[in-house]
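Worksheet: one structure, shown below.
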Amino acid sequence: MLKVYPFFLEAAWITILLAVLTAVLGLICGALGAAARLSRFAFLRFLGAAYVSVIRGTPALIQLFILYFGGPQIGIQLDAFEAGVIGLGVNAGAYMTETIRGAIISIDKGQREASRTLGLSQWQTMYKVILPQSARLMVRPLGVNINALIKATALVAAISVVELTYTAQRYIGSTYKPFEMFLLAGVLYMIIIYVTGRGVAWLDRKVQIT
Amino acid sequence: MTDPSHFVEIRHAQKSFGALEVLKDISLTVERGQIVGIIGSSGSGKSTLLRAINDLDPLTGGEVWLDGVQVNQKLSHRKYEKHINQMRQQVGMVFQHFNLFPHMTARENVTMAPLMLKGISKEEANTLAKEQLDKVGMLERIDYYPSQLSGGQKQRVAIARALAMKPKLMLFDEATSALDPELVEEVNLVMRKLAEEHMTMIIVTHEMDFAASVCDRVLFMDQGVVVEEGPPDVLFRNPTQPRTREFLRKHLEGAK
Amino acid sequence: MGLGFTIIPKYLDVILLGCAWTIGITLAAAILSFIGGILFAVIALYAPWLIRQPFRLIEWLFMGTPLLLQLFLIYFGLVQIGIDLPAFVAGIIGLGLHFAVYNSELIQTAILSVDKGQMEAARTLGLSRTEALRKVVVPQAVRAVIPPIGNNMIALLKDSALVSVIGVSELTLSAQRVIGRTYRPFEFYLMAAACYYVINLAMEWLQRKIERRISISR
């Protein structure tokens, strides 16, 4: 049992790294997606809607497989870790698009009207009036997205990235101790999720005060 | 204490929520076929008293007797449950906010309890539903869901639901208070009909005219006590207590 | 190697069979998760402390760890304690339990949000607490959670792809097998994605239809 700890800890670092990179990419995709969905241009709105619908309508695992195994056929060569980050990030971005869009459209129409009657431009209204208010509403649901994303990093085990789930699976196979290995990996996941959750709660409090 | 000789007997009812005493030593009797109205401002304890009769808000002190059986007996949990369900089957209750079951049609609302508790057959239940809904003038809406009914219609179905258990006693807890003014009369009409059939009723209401015309006796409650009681023409025309006069003056002014 | 989609019709039967398995597994796991969700919710809310606490722990463990890890635990764990289930059964149990926990969360909130007057009305008719829960409170809670549970079921469809990892021949593994023969991952994974997408659209359509149906009885 003792011998496996270092491997699990190392794997946990890979999971954390994956989660952080995925979250960053997800937020970028989410912001772009939301901007597209709220755009003045019908074509961008369509692109945004298609992105959300297709990504949320198909399994993340399949998306990873297309990218990692199918990528070389169309000239995209990625190692498993890179494919994992990009695949999961684009996937998380679709969910975050809806979160960010939801927070923006839930701001009362009167706010926009009041700002525009003062003479602010559309962009100024968005930047000075709408976004600061909707940012407060976003933190908690984005936290839910990130929680899901941490658990989704397990999928890259299927393309052989040596993260926590892959490690647990490997040692379940070699030690025949499924419960112990599950608990070991499970506890590490829950620590990561717990710490992230506390971070989100802290951020949420902070944005509520200002 | 001797066994009660009255149909409904409340003895020294006392109820407090923490330090707040909402019922202070209230005693009250109701005879079979009598209709008793309870009036009073909100917070006077009138709803609490009514809800104590079927032990929905258990008393902290005192006794409630119905037809020779004590309602609020101190029993083990299991025995109490059996006993109280038995008692409640004999007492119909109508709520201010109807509390119809939204996932059931009018028919199902009326027949659910008789089917479960009285072991009647499907056909009997059907006849019962038609009979009771017809009585409240809701037969043509028998397969409607509550969300498809107006407030007055909901309340009429709620009355039919209570009647379907063939209760000995009906309790009305501000049955028309949540209704739009134009819908009040249809519910009052049903209650008048019950009065003509000599149903025993205790009615908590804020409608003085209705109470005056339908009740045999009216109680005025204030701050947890019965301030005054008597036949409606006496209580409403010649109240003896200053508090009653004050309440009636305010209320009649408000009505105009 | 370039792309060539003309090869797809040749293996269409394998893919369609995979679709059928995916639909079957999703359906079975959905039913399990629904019944389990109600059961778990009632336990979490009303069971005695001694039953509730260990149960909470399990719930917590299931919500805090990845589904894939849970599938490994159930598949290999059951073998470990001498229960050798076919992979698809283990997959259904794993998916079903995982989503039962999530459904239970929704149902608990819904039960607590059923108006207190409903319980009172049922009690004044003479129903016992259990009868009132069963006939009045739980059915209303279930109606209230159908939309969010629908979302969970759509998530379940997509997560059913994970059981390919423990060797269940559903859509994803079928695609993988075909790819093993043809060396055309892009085409066949895309094909599988399209299948999932169509099933997903069908489920969304069904969800909207059911929501309209129940909106009247709420």
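By letter and in written order, the chains are A, B and C; residue numbering begins at 1 in each of them.
We adopt the following convention: contacts are C-beta pairs under 8 Å (C-beta built on N, C-alpha and C of every residue); 3 or more make two chains touch, one makes a residue touch a chain.
Not measured: the values here are computed from a predicted model.
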item	value
Innermost chain, where centres are averages of C-alpha coordinates	C
Most remote chain, CA-based centroid, reference being chain B	A
Two chains joined by the most C-beta pairs in contact, as defined above	A-C
Where chain B and chain C are represented by their mean Cα positions, the distance between them in whole Å	46
Separation of mean Cα positions, chain C and chain A [Å, integer]	22
Between chain B and chain A, distance of the C-alpha-averaged centres to the nearest whole Å	56
Junction residues of chain A, two or more chains touched	none
Touching residues on chain A, where the partner in the complex is chain C	54, 57-63, 65-66, 69-71, 73-74, 151-155, 157-158, 164-165, 168-169, 172-173, 176-179, 182, 185-186, 189-190, 193-194
Residues of chain B defined as touching chain C within the complex	54, 56, 81, 85-89, 91-93, 95, 97, 99-105, 112-113, 116-117, 145, 147-148, 158, 161-162, 165
Touch list for chain C against partner chain B, complex	115, 117-118, 120-129, 131, 135-136, 139-140, 143, 216-218
Chain C residues within the chain A interface of the complex	1-3, 60-61, 64-70, 72-73, 76-77, 79-80, 158-162, 164-165, 172, 175-176, 179, 184-187, 189-190, 192-193, 196-197, 200-201
